[in-house]
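Same chain, two partners: chain A is paired with chain B first, then with chain C.
On to the complex of A and B.
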């Protein structure tokens, strides 16, 4: 059904308001899409934050074009936000969109062609293009509406431009808040919270801008109240008290401050940069330095140097930057200087897909350093875990005098989720560095023969003077000339990983401890995988999942757990060959990166299902994979 | 009642406004104290206590993924505290604990009538700053660099002149009650650095523009009758000073954060008459000079104020013509400087 606003038969009067239908839904997915620079992301972010503050579960995902400024009104240029809200906790972005609001028909068409929109979705679209003076644009509009009209969507044309011009001279600067007003009406959002959120978003601008945006919000709300006939009730079921709402990059920054980190050295790179923006605001208050170096190599060098001097330092990067940092990462391992590196994964290789999510850096993170460079690799699975992982990473790096890589991804980095406000603990800031005089005879690499651990000598420690070197060295940090020295020091560095592994607990299985199919994941896919497993189990399928936080060393007990399932497969956002494709054999098939690792470590025939679509995995797609691999009678 | 207890409701209100800064400092005290305690206890700590500490240090991400007791077994406890260091560390720990026993009075100083304001503020900051002295004592003792002759008194008083840049970022706020007759704030400039916040609660008659002399490009200066104006001090990024003064004094805000000249200095009230009597040791000339200074700055940056009569140097009031207050003041200053004939 199509409602043409402006058509007298479709415009509702007050008397008709009684016909407004409110549908209650446990969860609903909303998209706001526009050309770049029209503010759809601000609209979506604000809607998500308001929903979280009202007590809805929320997960947001940014829709970002590959280019910074793509041509206007092009399907490839769709920019915006997808917001999934629920009565309870929401752990992933869901499957398809139920309500979309678009600033032109081309970006809407792009979402339609990507199969991102639910069959019965409500689509609100700016209608100024229908009567545009440019004949080509009118033709594009007509063609797009024709194509969209083939589906079963409910399309509502909205005179955004016309309405916004009653308040602002440039409607491009106002449509996002007008759209927010419409969404607030449809979902019955608390307008006071919304006004506060807008004021917060524009707190650094002239107060007049906030005022204009408030007016646009009210205008959109009022327009919806007069013209729309459907409202959606996603009742907030969570307590908004003591809840934080932030994205993963912000959580990393907050976690770094909570962990007592003094210095973040970085070079701008999408999608990691905003960690440093957040830190720039916070370090000023709490003490600390964000150092923007001249390049990725210098950034890790600065962080390593600061750590050597006794500071708590970390560096932030994304795929291409990780490649550039390789040499210094090796130095961290060799010289046993604690260092935390956060790698916000994006699509690759090379510059790849800067704004899109992938989990393709796992093997590079594990094995990317030439020579034998054992170190720790961790992967938080939620935005809340992004915060807490920084505290743990610092402690492990210092206790084991090693490099700790924290792998997040673009999905976590830009997604927004509410989580309980952590109760800050001063112990997170760690202990004072041990600068007590070095006892006579102690050496800078006085390795415990059993554990490989040794005391860290910080410059300035009485009796601790030594020459730091990246060359193979003995206990005294003297360059190795004897053949056995490199064997021993390599063993000591490797032993530390074994010692850390001995302190790890076996992972907890989501679902029954045995059965037909075990899905194994890591990083940001946890929510989607577990939702898919839950759906499959509701259908009577025998499926469970397991999510790893430690990739190096690997969590213990995996072989035993895998042995209790008929089939084990990983689900990942990286590339693997489809076994049915030409030339692909079991011998040459390239598998998902975690699958590769698990097969090597456990000798279990771990299968995989992976996608590199530049977007998070959908629970529905994973559900289909489970169905395909498990029949009701057992594993396929 | 101890002399350093708040007697003025305005002082209590000022402490409430600065509550967050007080809490931040208190939190730093707690963290430092706990860290030191764990260092002192490290040698004698039970495995259970060590595991508890390790669990806290590893944080929530470790829950369910790391066996804390096993991990704790690999934590270095540091070199045992040497017999010679222990007394220094214990003294530092006692200092931190004694500071923690204070409530908000740690951030409050009462200046006895006739006493020197600068000395009293230095004493107040030096008292709260003992925390920095204690932390430094620990570092020096642990690194074998402690020298009794140089560092001996740091746990008793650690004045701001010894604070590092980082310590000044953590500076404890201070609310100071002082008689108007003793309001000579010029010496306080020495302490206004880092994140230092000072609020002066002025008793009785006050010189009209005492804080005007503190106006410098990067310093938030507020002189007001209205306690609500103190919020700017609490929120300031950087050092800030405010004075709660009587209604008949000058009321102004100098805000470095304000964009451009206009709005940087907002004078809300300027007395219609210049001072006629000395106040304490402040002569009429000195009080008048402060007003002139404020007027000159306001004229230079653009005054936002109710219509006023500017003070004149010879004691005569200049009636305000119909032009704007800013123009009046600018014209008056030009007359005083006698530069009108310059080409």
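On to the complex of A and C.
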């Protein structure tokens, strides 16, 4: 069905508004797409922020162009935001979009071809291209509209350019606020909050720009009011009080400060870089330093040197940078200098998919350092957890004199979600290292035989002088030539992981604690997995899920939990062979990285379902996997 | 000086006077005749002379024969990774500007695997002494060609002789923007070595010192002529650099007055390898020092919470 609403249709009168149909929906997914540089992101972000302020659950993800400099009006250039709002908490980006607003038909076509649009979606599209003076563009428009017309969308043409030109000279600079006005009308957004949000977004610019944007917003709203006949009611059901809205990289940056860390060394790499942008501004106020090093090796070296001499420092990177830092990470473990490393995972190997999400660094994070290098690997599952994980990471690094890796991913890094505002505690910042004189005879690695723990002597501490070394060493940090010393020091470093594990709580199962199928996940997929499990349970399927925050050491009690399910499988964003692919046998099948780890550690025949599509997993897709695996009767 | 029992029992005494043995760590295990021994002695003498507290002094090194250095000191030491001493030292100094930081590297360490760090550490100009102990060879791994190996010199990896002309570390360092101290000395002339290290220590900024170092095991012949024939060496002298120690005047008769402020002259001297030149080639204390440009007053935990709360208000719904 294709409904045209333009100047040629009769303008609706107020009386006709009774024809406006409002449908109530528990949640709804919206996309704003344009060529890059047309401001779709600002429109989407503002819409998300306003919705959060009104008390809707929100999850915002960026739609990133496939090419860096795509030509205008090309499918590869689709750029913008997906915003999923709900009556309650929204934990993931959903399946397909219900409402899309596009600044040209080509970017819309791109989303259609990616199967990103729901069957009965409402699509609003700028129609200036239909009558463009360039014949080719008119032809492209016609072909695209034809293709889109095959589907069951409701397509509404919007004269964005024409309308915006009544206010601004360059409509390209105004369409996003006009589009925002349309969305505000459809979703009945609070206009006062919207105006405030716009003013905030443009606070660093000329006030005239805010004024102009307010006018464009009103124009879009009133255009929708007189031309559209569908409104969607996603009733805000949350109390917006004491809530913060930010993305995962911002949460990491603030978490680092709340954790008392004041030196971050990094080398720019997508999608980790924005943490350093954030810190660059913030640290100035807090008295900290972001050191942009000459490369990732130097970055981790500087962080390690800083940690060695006092408070724990951190470094932040993504896949290729993690590879470069490897040797220093081993040194951190060997010499027991605490260090925090944040790895914002992107697609790999090699340069891979720089802007896209993947969870493929798990095994590299765990085992990437040559030699035996036991260390801690954590993975926050939500944006809120990104914040808190930095505090935990710093504390563990310091207490256990070890390397702590925090694995996030592009989905968490750029996703925006409201979460309860933390009540900051000065104790999170830890205390300055003990620099009281070292008693005579105390060794720099005075390992407690039971726990492997020891006091760290930092420079400036009288009587603590020793030479730290990456060579195998004894308690006194003396190079170990006797083989027994290496055996003992290896055991001491390893012991710390067991001690840490003994302090962890067993993970909590989402859903019943026994049944046909247990899905195990880690990192950013939690929301999608749990939504899928809930949908499956509503259908009467026996499925539960478990989400791990610690990958090294693993949380305790896994084997017992797994034993209460007929089948256990991981769902991950990394590559695995599907069992029915050519040549694949049970013996040679390459499995998901968490599955690999869990099989090794629990001897349970853990299956997996993984995808590397460069995007977050959809709850619908996981739901299908659950159906397929439960109906198989949990053939574990 | 007579010591009472009570002062013997007090581990930290602000007025304590440090002697050579306060800085002596494990017994040095370099080969007999290795030039590294002499650098160690000079460094220990310097610490006595400057009365640096052992606990406030850090020697950072890489991996190599020369990088064993920190183990033989009784200060804090960081014997890290091959080529990576400079980033570690930079981290130490950024976090703790109060510490005295010395870096010891080999030629492979500094101008091969760690070359990127050498360039950037020079530019950061963080206050530290960076010594490159240049034996023109990879010693620890047993005689592979290094970037500073003379052209034609045979090694285990280039048995027909090094194919390329040697890299000139002085010329290269002087080409780096914001270089603030570049000197060359030789370990077989202890008085000059000491004077140069002292000038480097007293310089505020990144002091790069290339120490010509004999390795009697693998490159025995390389510096032999220069050791035997002092007239082959020009001593660069200046009140703002190093003056020729009295004890050496009789031996080193070729003295060249060179003002270390003169970068163009320094570059010319460095580029001309027809003679060996020892002394301070370049020195400028007015260059920005990274750790100072980055130094910001630290806040208390409560202060931080206040600021953090203000920051978080921006994200409040």
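Basically, the second predicted complex is superposed on the first by the 625 of 636 C-alpha atoms of A that agree within 3 Å, B and C clash if a C-alpha of one lies under 4 Å from a C-alpha of the other, contacts with A are read in each partner's own complex, and residues count from 1 in each chain.
Convention: a residue touches a chain if its C-beta (ideal position, glycine included) is under 8 Å from a C-beta of that chain, and two chains touch if they have at least 3 such contacts.
As the structure is a prediction and not an experimental result, all values here were calculated from the model.
J.: Just checking: does A:373 make contact with chain B only, chain C only, both, or neither of them? Give me first, second, both or neither.
T.: A:373 contacts neither chain B nor chain C.
J.: So in the superposed three-chain picture, is A:291 touching just chain B, just chain C, both, or none of them (first/second/both/neither)?
T.: The second partner, chain C, only.
J.: Of the two partner chains, chain B (first) and chain C (second), which one does A:453 touch, if any: first, second, both, or neither?
T.: A:453: touches chain B, not chain C.
J.: After the superposition on A, what does A:228 contact: first (chain B), second (chain C), both or neither?
T.: neither
J.: Touching A:626 in the superposition: chain B (first), chain C (second), both, neither?
T.: Neither chain B nor chain C is touched by A:626.
J.: For chain A, which side has the bigger count of touched residues, chain B or chain C?
T.: C
J.: Does any part of chain A touch chain B in one structure and chain C in the other, and if so which residues?
T.: Overlap of chain B and chain C footprints on chain A: residues 284-285, 287, 424-426, 429, 437, 460-462.
J.: Across the complex, what residues on chain B touch chain A?
T.: Touch residues, chain B against chain A: 27, 30-31, 34-36, 38-39, 53-54, 56-62, 64-67, 70-71, 74-76, 78-79, 81-82, 85, 138-139, 142-145, 166, 169-170, 237.
J.: Across the complex, what residues on chain A touch chain C?
T.: 52-53, 240-246, 250, 254, 257-258, 260, 262-263, 265, 282-289, 291, 293-295, 297-311, 313, 327-328, 331, 418, 421, 424-426, 429, 437, 440, 459-471, 478-479
J.: Provide the residue numbers of chain A that touch chain B in the complex, in ascending order.
T.: It is residues 259, 284-285, 287, 378, 380, 385, 388-389, 391-392, 395-396, 399-400, 422, 424-432, 434-437, 439, 451, 453, 455, 460-462, 499, 502-505, 507-508, 549-550, 555 of chain A that touch chain B.
J.: Using the touch definition from the top, list the residues of chain C that touch chain A in their complex.
T.: 11-12, 25-26, 54-60, 63, 70-71, 73-81, 84, 86-96, 98-99, 116-117, 119-120, 294, 296-299, 301-302, 304-305, 307-309, 311-312, 315-317
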